[in-house]
Structure formats: C-alpha cells, structure tokens
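Next up: some structures, all given as structure tokens.
Heads up, the next two complexes both have chain A, just with different partners, chain B and then chain C.
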Partner chain A sequence: MVLVGLLTGCSQMDFDQAPRPEFLRTLMAEVQPQRLIDEVDALVQAHQSDVPLDCEAVGLPDDDRVCHHSRVAAGQRIRSVLESMGAVVTVDAQGEGAFATQNLVVELRGTVHPDQVVLVGAHYDSFYGGADDNSSGVAAMLELYRVLSTRSLDRTLRLVWFDFEEFGFIGSQRYVQSLPEGETVEVAVVFDCVGYSDGRPGSQEALPGFPTPSEGDFIALIGNQTSEQKTVEAYALNTQLEVMRAAAVVSPGDGAFPITGPLLRSDHSVFWLDGLPAVFLTDTARLRNPHYHQLTDTADTLDPVFFANVVRLSTAAVGHWVGAR
Partner chain B sequence: MRTLLLLGALLSGMASAQPVPLEFYLRGNGKVFLSEARTQGGVGGGAGVRGFLSESLLLQADLGYLSQIGNVAELRLGAGWQLPGTLWRPGAAVILSTLLGDRLSFLTPHHPTPVGTPAFSLGLALSPLRFTQAGVSVSLLEVELGLGWEFPGLGLALGLTLVETSLRF
Partner chain C sequence: MLILASLLALATGTVPASPHELTLGVVGWEYRGFLSGSEPLVGLELGYRHSVQSTPLSVGALVRAAAPNPGTVVPLEVGISLELRAPIGFWQPGAGVELGWSGLSQVDLSWRGGLPPGAHTQEEALLGPWYLGFGVSPLRFAFGRWTVSALELQLGATAFPLGAGARVQLGLLKAGVSL
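Let's look at the complex of A and B:
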C-alpha cells in the first residue's frame, strides 16, 4: 500500500478509500459564495436585533463585550434556514438557568456505516454582531448541509451548532458528555472564525514556537495526535485540489500542554480532551482579525473569496470522509 | 541510557590504563529545536557523566527530560575543553544532541506528514560561569547553539542550562 502510494504520489494519504478528485471538485463547485455572505449578513442582523445577555443578572462583570453576547435570534435563524431546506432540527437542550444550552442538531444518516459519524460543529453564540466569530462558521455549516444533503452518504453526517462557546465551551462539553453509545465519531470538524483574510505582509501575528506566514491569508488546519491522520488528509486534499493557502499543525497528545494551550481555544478542544479526533479550521481570529470580539465584526469585513474557499475545502474533506456519492 | 553506559565503560577502560577523573552532574535546562516542520523541546533537567582525559580535555554524556510541548527525552554527547587549574573554569564543548518524543508538527509542501525522526543537532555549548572547588563544580547560564537537519531542511537548536552542579570522584 505504501509502495503504491509512493509510486502514485499519494503517499500522504491513507484513506480507507481513495479520494475522487473529480467528484470532490464537483462538490466544491456547488458552494455558492454569495449565499455565504448573505447568510452571515442575516446572522449578524439577528445578533444585533437580539436581546443580549443580562450580564448583571448572571453575575458576570459589567463588561461591554460580555454584555453584548447573544444567541437566541441566531439559533432561530439557523432553525428557520434548515427547515426551509427540509431538515429536521433536533434541539439538544441541557442545563438550567442562565446557562441552559440548546445545541441544534441535524443529521444525514449514512447508508453503509450509519454508526460511523462525521461530526461538523460551530458555535452560534456571539459577541456583538459576530460576523467572523462565528457567523462565518455557522454559515459554512449551513452551506455544507445544503450541498451534501442532496447526496447519498456512506457514513452519517451530523451537524451540531453549539451553544454558549464564548463562556467556556459549555454547549459542546454537554454535547460530548452525552454522545450516544454505540457509535463512533470518525472525526469532528470544527469551524470557528473562517471568513477573515488579510494578504498584507505583517497582518498575521504568530504564537511563540509556531512558524507562521507573515500574511494572514491562509486557513489554519489544527489537529492533535488523535486527529493527526485526518489533519494530514485535509492538508493533502487541499494540496491535491489546489484550493487555497493552508497551514497545518499537529499538536502532541491531547494538546493540553503549556505551549500548545492557545490551540485549545474553541469547541474542538472538548473532543480532544475526551480522546475524540477533531480537526479545527480557523482564520486564527485575534491573531489576524482586528475586529475580533468588537462591535466592528461585521459581514463587510470578511473576504468572500477566502471564505468560499474554506467552505469548498471543508466540503471536499467532509464529503470524502463521509463517503458522499 | 545505553549511551551513558557505553561511555562509562569507555572511561573505565581508559581508567584501567591510567586514572581518569569522573564527574557526575545534574542540570536544569531548557532546549528547543525549531524548524519549518517542528518545534520540539521544553524545560526540564537531566543527569550525566563527564570524564577528563587531561586537566582540560573532557568527554561527557547526559540524558534529560523536557516538558511543556509534550514529553521529550534529550540525549547529548559532547567533547570539550575547560580552563585548567583555577577556581573559575570556563569551558566550551561540541555537542551532538538528540530530542526524542512529542513535538509540535507543521505540515509543509516538503513535509506533508509529521516528521517522525528524532531531532538531531550539532552545536557548541559555552560554560562561561563554571566554578570548581574541592571536586565540586557549579556552572550557571550555559548556552548552547546548534544546527540540525530535517531531510530536507535545517533546524536551529537553542539551549540554556540554568544551573549544573557536579561532583568529581
């Protein structure tokens, strides 16, 4: 197998089935950039029109950012869009009080290996309008659903919009702790901030110990030891399909080390710490985007081409892993 | 560990011909290997043995453990020189170093899969603040700079030993 891989130039991939580039390109071509931007715009409006968190009532500091956290209207928007596409949305409601969570779940059942799940997740709560953080991830998932829901899938594709990420991954933690018995999460793909790009030299900050391009125009693919293979596959697919500039990093172990701690700052970390494979896609948020957690995080600051390419790459990778036909 | 034993046997063999003073040492240090394909290393410490071929020429080997980016073992072999005969005994050594274990891996066109080999480097260690009195030595702020290789590509090894204490037998 290795020899064949070396001879065919596909040594980086160890798929249980070979990728089908032409088919994956067809999937990628179905991604509609304008829909993505329009959806982010609608989600930002939903956040801005929402009643924000009563931070005083829940005992949080009277901080301008914290007191502009919202989620309900965006959740309603997600349900509305999904139901308009014929999806059956399940609400995973857990907890009580101010931090009661409502994860929104949609599933496309696999026809060959229904117990093998490819999970895609993004949080839908935001500070202010939250265009990049994380309406971009929410919109990416809606587009992913739209493209893949017309296909037959070998494995089960489950999309989960997580609640209350901004206060410590509350929704995703509760979700992972209550995963159904008897199924295997083949991989979780988590989006958080996937729409902002800046190609100017010096626009990208780096973390110590991470060789990072100076231009903030790449998508970061972040895995750990458990998801190393899937991270390698996503990187190889991006190379093979020539989608976009990407930087991939694999953290050792579960990623919970002092130097790698900054890589844990989204819902994928919950999967990592539970021993489940997860690949995190991000534009690196505050390391690039000056609008991060600001009032100015609006749809017009996003890069439609970059954003669409992230969704194309994700569609190809998820389509491959889920065995779309 | 095997290397340490081999070096010990070598020095013992030499000792049978003529006595070779041995030093055992403990060190607290940080070390990092940086390349486009990995960042490996951390902070920790280790233990080693040093044999003196003459008043100033030495061979040494040590084994250490580093954390902060997973769990890493550091193995070093060195040959060097020390200023003889005084309380202040600064020195320099050529160091062959290996880091084994966890690492942050970066995928690049040249390294589309995580590198699986240990990080080797060859470099120079300087001990400007080494003091010896009555068979006991203390060395502060030793610096190490090395060049490594990734096949393809190069890496940079940077090390700092905060403190090393040794006892001569």
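Let's look at the complex of A and C:
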C-alpha cells in the first residue's frame, strides 16, 4: 500500500486540469450545513418508521441488525426531495424477489463532453436509523445536487443512490455491470459514513497499512491504482483550499487484497473490481464511530462542522472534475 | 514433545539417513479473500522429500486432503516445494517455499443465508486455485531414520492474480521416515 499524503503536505502535484480556486471556493460557500443535518434527521426518521426487512424470510433471524434493515421509506424521501428541486429521477430496477434493487439516478448532462461521466454514489439502505451509515452520504449527495444543478457543466454529472449495499454491495454491483456502453466513467466518488468525528486522542483505530492518527477527526480519501490521480487531486484540492484534516491512501493494483479488505467495504469496491476509477470518502465508520450499525447511530451523534466540510470538499472536487461553470 | 523425541531416539538408534523421506501429518489451514474467508480446514498431508546430495537443500512433493466444503469439487491440494534445512544435532529446523494447486480455495458464504452473493461472487472469482507459500519448521527433530515436526507455519498468497487471497497453514504434527 502506498501512503500518498497524511493530514499535511503533499499539495503540489499536476492536475489533469488546472483548478480554479476562487470559483471552487464560491461553490463551497453555497453548501448549507443546516440543510445537511435536517436532511439526516428526516432520513433517520424515515428509516425508523419503515417496515424492516423480513429477516426470518432471508434466513438470518439471529442477526438483530438484519431485522432492522430498511430502505423503502428513505428511497421515497430521496425522490421527494429531488423532485422538489425539479430533478427527474429514474429508477434502475433490477433483480427479483426480496432483493430486487432500486437504484435512484439523477443526471445533469454535460454540455461539452456529455459522454464523460463523473459519477457520485452513496447507498440509502441502513441498519436501524443509520445517521452516519449512510444518511450522511445520502444527504451529502442531495446537497451536492442542489449546488451543482444551478451550474453549467462540461461533463455529465450522474448521482446514483445505491440500494442494498449492506448485504454485499448488491445494488451498485448490478448498476456497474449494466453501465451503458459508449460512455466513460471519468471517476466515481462514493460516500459512506461521512458525518462522524472525534478529536480525542485514541478515538481512531488504525486503517490497515499506514500510520493512522489517533484522533478521529480527518476525512479519509481512499483510492486504488486506477484512481490514484483523482485521489491525489482531491487531497491536493483540500490542502489548497484549506478545507479540513484529511488523509489519503492508495492501494496498489485493483486494491482487492485481504490486508486492504477494510478499505473495500463499500460500493466503490465494485467499481475497483470492474477496473473503473473510484474515490471513497469516509470517516472510517467502525474504526472510529462506536454507533456503527447500532441503534444509537442517530443524527445527534454527528459533527455538523466536520460533515459540512466533507460536503464542501466534495463539492469542490466534483465541481472541478465535472467542469462546473 | 521432548518425551516423544527421547523415546524415538532410544527406539531408533543411529541409522544413516537416506536422501528419500516420506512424511505424514495433520495440518490446518484457511483462505482469506478481501471480504471473507474459507471455513477452517483440517486435513492429512502426505509428502515425499529428496535431499540434494552434499547440500542443505531438499525438494519435495505433497498431496493434502480435507473434508470438502459445500461447492468443493476436488477436496485436494497438490504441491511441490524447496526447503533449506539447518541441522544442529538432532534439531533440524527448516524454511522453504511451496507452489501448489488447491481445490479448496473458496470463501464460505453459508453465513449469508438467502442473500444474493453480491460482491462475494467477484471475491470468489479472484481466489484462483494456485498458491505460493513460504513456510518455516522450527520444531523438527531427527532421530535416526525418523523425524517428527510440530507447529510448522506457512504463509502464502493465491494466484492468479497474485495476492488476491491469503493462505495461512499450521502443520500441527508431522512424522517422517527415511526410506
């Protein structure tokens, strides 16, 4: 594994395209922290009021988490919010039975290179209320859409809310395997658990393969060899724009090794395994958050400042890559 | 262990070692992918080893068998090995490499109940049948024509692609005889 940057330094590098810092700062300023927290609150309520998965029928009745897995009400909430902003939501429906998946897709078509796609994804299914995992990622994408939908984009921005991630990335795997031919995924940005922070020493367990800080107050930017350039660009943008503490790590090859397994536990892994570039943004989930996959994963445990900064950084990076104007 | 070694030493006396050795042992091992792992495997290993004259090197071949997991077609492993031994009296520690083919390099998905496989199908596809391992035998003792070895450790990776899976093996107890 190659450590490309850790918290400070490593800001000088060659971008595929020169960034426009002032413009990106303008985009970041449009992120509204209160909207993020309010949206997480609403999504948690949606999960808590939903009818959970029939864990007896699935054959896993002894796993309490599985008996508190939900997705339908959160999916309805996402559609409702998007449609209130004028978006046209398409449903990528695949599979049959209890694990039929419904990925929710919104697209902002590029005006210069429409076949070049910058894809942003997060799963919307959760165990229990799922504030950090993954209502934070869902809300981040909704805010990203709100900010960038008012802009002209050179490349196509596609946002996909993935279904059934918690059981092995089922929705994203089906989505990637049915990607339309003729378009190029320039990069996929995947959010999973992006709202939890703890600055106390000892609050962060180590990521495998590199010296992790003991304070859990950084955002991890995780790439593989295919997405190394974009991972380093995101890190350099963060340093240049002075957004937040960040750590970047790049796995060699496709990243699929037993030792890097903890870095693969979200939807970006199916992009990696399909040879597509993907950057994973995470607060490192269970390596930091004691509420991970627990009943206590509620909105009041999130750090609004940290969360907003993650969304600001993401907005700048995606805005840069998609050629927002 | 030492009592067993002493008894063997008394029983066998000092018989000149031949370059040909047969071994039989009980081993445990498992595979790990990037998401999950195999069931722990326990099986029998039968090996043949030939010492290269006037060198501490030996080459070998082996076959290993375990109870099949669901989905296993051939519950066997076959391999060839190269080992360096450093005899110090009757203590004969060694280290070496093994290249093999396994019909058991599969992840265990039984815990998923009725769930669709998801990314685990990709994980399983990456766990190829070939493996390369590096092992040490720190507790091997020779008594005349007999050898006994315990707690041999081997760490390896599956191929191809190399490193997509990890393989960990513990040789619990092996006995050998020079022919």
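We take it that the second predicted complex is superposed on the first by the 307 of 325 C-alpha atoms of A that agree within 3 Å, B and C clash if a C-alpha of one lies under 4 Å from a C-alpha of the other, contacts with A are read in each partner's own complex, and residues count from 1 in each chain.
FYI, a contact is a pair of C-beta atoms (placed from the backbone, for glycine too) under 8 Å apart; a residue touches a chain by one contact, two chains touch by 3 or more.
All values derive from a computational prediction rather than experimental measurement.
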| item | value |
| --- | --- |
| Touching partner for A:T260 - first (chain B), second (chain C), both, neither | both |
| First (chain B), second (chain C), both or neither touched by A:L241 | neither |
| Which of chain B and chain C A:G168 touches, first, second, both or neither | second |
| Contacts of A:V105 with chain B and chain C, given as first, second, both or neither | neither |
| Touched partner set for A:A42, first chain B, second chain C, both or neither | neither |
| Chain B versus chain C as contact partner of A:V89, first or second or both or neither | neither |
| Set intersection of chain A contacts, chain C complex versus chain B complex | 253, 257-260 |
| For the chain B and chain A complex, residues of the former touching the latter | 32, 34-36, 39, 42, 67-70, 102-107, 109, 112-114 |
| Chain C - residues contacting chain A, complex | 32-35, 112-120, 122-123, 126, 161, 163-166 |
| Footprint of chain C on chain A - complex, ascending | 57-60, 95, 98-99, 164, 167-170, 173, 253-254, 256-261, 264-265, 269-270, 273 |
| Residues on chain A engaged by chain B in the complex (per definition of touch) | 11-12, 209-211, 221, 228, 231-232, 235-236, 239, 247-253, 257-260 |
